[in-house]
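What follows is a pair of complexes built around chain A, which joins chain B in one and chain C in the other.
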Partner chain A sequence: MSTRRYLISKVLQAILTLAFVLAFNFFLFRAVGDPVTQLLRGHSGISAQAVLQLQRQLGLDLPLPQQFVHYVKETFEGHLGYSYFYNLPVSQVIAGRIWPTILLIGLSTLASTALGIWIGIRQGWRRGSKYDQGMLAFTLFTYSMPEFWFGLLIIMAFAVGVGPFPALFPTGGYETTGAGYTGMAHVVDVLNHMVLPFFVLTLSYLGEYSLIMRSSLLETLGEDFIITARAKGVRENRVLYGHAVPNALLPTMTVTILQLGFVLSGVITIELIFNWPGLGLLTATSVDARDFPVLQGLFLLFSASVIVANLVADLLYSYLDPRVRAA
Partner chain B sequence: MSLLSVHDLFVNYRTQGGPVPAVRGVDIEIGTGEVLGLAGESGCGKSTIAGALLRLLPTGTEVTGSILLNGEDVLGMRPGRLRAVRWTETSIVFQGAMHALNPVQRVGEQIEEAILIHHQAGEREAHVRVGGLLEQVGLPPRRIKDYPHELSGGQKQRVMIAMALACNPSLIIADEPTTALDVMVQAQVLKLLKELQRDLGLAMLFITHDLSVLIEVCDRLAIMYAGRIVEEGPAQSVFYESAHPYTRALADAFPAIGEGRFRKAPSGLPGDPPYPQDLPGGCTFHPRCPLAFEACPHIDPRLFDVGPGWRAACLLVDSAKPVLEAARTPGSGP
Partner chain C sequence: MRPRPTSTEPVATAPDVHIEVKEPPRTPKQIARARRKAAAKRVWREYRKNTMGMAGLIILGFFVFVAIFAPLLASSCGLDPTCPSTGPQLHAPSLKYPLGTDDLGRSVLTLTIWGTRISMIVGLVSTAITILIGVTIGLIAGYYGAWRETVLMRLTDWFLVIPFLPLAIVLATLLGPSFYTVIFVIAITSWPSAARVIRAQVLSLKTRPYVERARALGASDWHLVTRHILPNVGPLIFANTVLTVAVAILYESTLSFLGLGDPLHTSWGTILENSFGAGAPFAGNWWWVVPPGLAIVLVVLSFTMIGYALDDILNPKLRAR
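Up next, the complex of A and B:
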């Protein structure tokens, strides 16, 4: 029953981390300054009484422990506070922006991992070949190129249209405003807007995955059980996909999921450049507006998703790697 | 006709530092049901020979000479034929089964794979056969479902042996099959191999650096040093009346089980074996040889007859005298 114990310990670990993030979040956003002062920034001539009233409204007049209990309770009920900027509940603000990001990150992560792993397998299998060398150069290039720079280049080439390139795609946004498309036309419109940011994100992270998969496969191919498989008379194709890849995928998968945190930060840049109305753009505008409650909510959400991703990685790992279960 | 007949085998590994001549002209004959022991210090080329027999060495490795398996030239085989021959005619029990098994596949499946790819049985029949094979090597059939990490070192080696038997080969290469194991377990695995060999009439190439293991299992012994066989003959003669000083040193280092001598470092054997890229001139063993004399650094001895079916590559062997005489005559040295 060690499998179950392992799973339980992983879930407990995740819960503990989440609790820590929750507490950290609470103190962090109180450490950056008094919310009321932040809120009234730029407004002059506000009476002391108004300030007091605002403090009471925000629950800031209570002692800190009580504030904390209140905060935890509210968070669990899905009340993340009130946006200074939008004058809406934070949860509502976030809910309105979450789908574009999930769509963009989800599709591009799927594409970059699948493509990266596939490229990495072919590179590792034919190490030193022209394909391997070419791909190595290409992926290192796309990997090291800053996203904003890459994004701007792509916009110039494919949205603005420079020289021989026609302006194929919209420069930004989620849909054509005012067009009022519905049904299939709307889907096509959104996809059309998504092509460029998707392309940039996918290409930016592709190299990371192909490099990991390549080196992981190379390491696996040097192991004794690969020679055993060959000695048994197993076909080369099966040596690769039946023996080497299943072993090499394990580390790649873990890194891929751990990578999600970086993808989340990368998406902030991309959404800003492409004016993609997701959580990344919301983060950028909220920083500008010093909309701390929204930032607090986003911070919580980002942390939670990384923690959950880690948990999923652990669970998947235990499913795929029999050795982990015994650990 | 021998089951395995290797003639003039040379193996050069290709490395960034140039070719590494790991095997330099080796002849091996193994008849049906015969057990040949191959011994020598680590690095002398034993595993390289094992790998060459089924062409398992890294791509780019240069292998020349001839390897006849049941009369068929292994080095000239097309890939399809080579795959068909692997495991059905010759299988290998690898050194330290620790890493020789796929860690994410159940051991039963790994054995079954060999049976299935060689079309020796349908899936259901193969499954039954795997259970039988495990029993044959002294493991309960329920171990089919285990992953390698769930087994002890000895159990893994038993799985490896069961796997080697899966396609009924006539020759098994055992490359240090007991090296990574505890002494107790070593003895058990050795006993198992010996019994299987006898019961199934298997031919074996038994590789180890521990001579005392070989004396119990082998009909004939071949001793390797620096990529060559330096003594070869009936196991008892080679072990107890070693003609080559290197064999003597090895035999002293590993007294036969139950013998009064106790284990000590190879007597009179200072230093390490040479690296293949940096071999001494003349007899490659002379810098470490307690009996070396003035001719040794100059003459590279071939195998001289010592007795019936017994040869040694040493200038001290009686039948080497003509060579020494010839070298002493000015102007006619080799």
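Up next, the complex of A and C:
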């Protein structure tokens, strides 16, 4: 298959998946839940006429296919409905929360990938060593740990200061409220608030990346060109960093992107416990408030970003590894 | 591991329940059973040598014991805030309350013991459903191929892409918090990976000579699937199941922590939710936060260790190396 056809088929697949998510989202919130009942939750003595009027207002009196067309049109125009709780358009509510999440996810993913890759290289290179076994045990442990529980422990240890631990960092939030810092002082303040959630997220996902890097490196080390390199008399260090690592990095990089779905899940609870005003906290509070339009919008955004990440991973892989295109 | 029950044998042969044939010549059914018994023994022998697997089994055994004998270990009355056995509120660990008390004066030890039950049941039941869906879809897609495969695998890929927690949250919020919702939500969001693993294995199995031979002898699809394919996918399903339980227990705790668990049942996740809601971590009441989380880690760890050990032994791909 030519590169062009490969790219087109990948993009088409992504669009199809996106369409599925759209339809699924519509189905979920119309078929499983009834918007009018949700809206009137907690109210009593609503007349049948008022219910009918509300249905008409929300366009629920139209036949389902027509509702769907309307829904798709609205979504593409960026109208995601109206938040019950904030009394604002959903798109506006979400837009106000995007940056803190991107900042948190971005920095912690960078850190956990870099560290994970470094650890994975050391593990794979000295397979079965004390270091390798210790790191494997550590990986298994972080994998088994609910991120939010780890976060609570960290809060108790380094923000509250239980027992011998010093209270070093703020318990949560994005910035010191009412301090009115500007410029550099503001940046430092935000970073200070971010240290703990960043640390928790980084450590929670570190293991996954080191595991992938380790197995990928082990696989690469078994390939013929490594034997060739050694037979040529290439120094060990050069075999590792010149020949093995660059090849082993490929799968690790794409898997990192594919991990986004998991990281998004982790960010929901971590933002909740650290009161970090991003999309995760918005999700958690919307669950509490049963704010369905916001949840619907968030679900769409999360799914779309994972789909786009998948597409990017596919395209990147084909660019970096020509063998994929040929297959 | 127990061999697969062979009760699906079609009853075309005469029901010879009274005659006990111990001597050879044996029936094909007996031969198959003996072979599977030997295989199970072999697996167990190998498993016993696996330190990680055995450690996992011991930890799991402990928690299964706690779950089964919860009523003997701690009176269920201790879950009720009006129970006379409740003590002072938010009391640090003492002799009477080894893990301290929560904001209602309930013993955290009692809560954690009873939480074992719900967390384990949710983990096991949702895994059973996950595997059932995964195996059905994986089998149909892998065995029949053609349009069925295209449709089912496309569906699987779609579900695989949708981020788990947001979907689970949306579903659980729509359906309302309950014990069954949690189980349903976990199952509906975790089957795709099982389906893919099963399908891949079925694809390789269905072209094996013995399957072709059986087909040439006129075996029906049902016979081929239940007697030749499924028993051979069995070990893989088993290893996969164990790993799925670990994930399901983690998911249960996350959903419960977000307030989507059953408010009437105490699971480890709901204990953590209550402690967070009451501000326990911020007040430094560590005894209310540490035990349920540690229990989650240990159980998930044990299932993961058992799963990896089984995968090492049962997965033909790993064994070949």
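One rule holds for everything that comes next: the second predicted complex is superposed on the first by the 326 of 327 C-alpha atoms of A that agree within 3 Å, B and C clash if a C-alpha of one lies under 4 Å from a C-alpha of the other, contacts with A are read in each partner's own complex, and residues count from 1 in each chain.
Operating definition for what follows: a residue touches a chain if its C-beta (ideal position, glycine included) is under 8 Å from a C-beta of that chain, and two chains touch if they have at least 3 such contacts.
Just so it is clear, the model here is predicted, and its values are computed rather than measured.
> Look at where chain B and chain C land on chain A after superposing the complexes, then choose clash or fit.
Aligned through their shared chain, the two binders fit side by side on chain A.
> Go through the superposed model and pick first if A:176 touches only chain B, second if only chain C, both, or neither.
In the superposition, A:176 touches no partner, neither chain B nor chain C.
> In the overlaid three-chain picture, which partner chain does A:284 touch, first (chain B) or second (chain C), both, or neither?
Touch status of A:284: second partner only.
> For A:302 in the superposed arrangement: first (chain B), second (chain C), both or neither?
A:302 sits against chain C, while chain B stays out of touch.
> Between chain B and chain C, point out the one touching more chain A residues.
C
> Could you tell me if A:275 is touching chain B, chain C, both of them or neither one (first, second, both, neither)?
neither
> In the superposed arrangement, does A:148 touch chain B (first), chain C (second), both or neither?
A:148 sits against chain C, while chain B stays out of touch.
> Could you tell me if A:233 is touching chain B, chain C, both of them or neither one (first, second, both, neither)?
first
> Between chain B and chain C, once the two complexes are placed on the common chain, what is the minimum CA to CA distance in Å?
Minimum C-alpha separation, chain B to chain C: 14 Å.
> Under the contact definition given at the top, report the residues of chain A touching chain B in one complex and chain C in the other.
none
> Which of the residues in chain A come into contact with chain C in the complex?
By the definition above, chain A touches chain C via 17, 20-21, 24, 28-29, 32-33, 140-141, 143-146, 148-150, 152-153, 155-156, 160-163, 171, 260-262, 264-265, 268-269, 272-273, 283-284, 287-288, 290, 292, 295-296, 298-299, 302-303, 306-307, 310.
> Considering the complex alone, what residue numbers of chain A touch chain B?
Spelled out, the residues of chain A in touch with chain B are 223-225, 227-235, 238, 242-243, 246-247, 250, 320-323, 326.
> In the complex formed with chain A, which residues of chain C make contact?
On the chain C side, the touching residues are 157-158, 161-167, 169-171, 173-175, 246, 250, 253-254, 257-260, 272, 275-276, 281-284, 286, 289-290, 293, 296-298, 300-301, 304-305.
> Touching chain A in the complex: which residues of chain B?
Residues 51, 54, 56, 83-88, 91-92, 94, 96, 99-105, 113-114, 117-118, 147, 149-150, 163.
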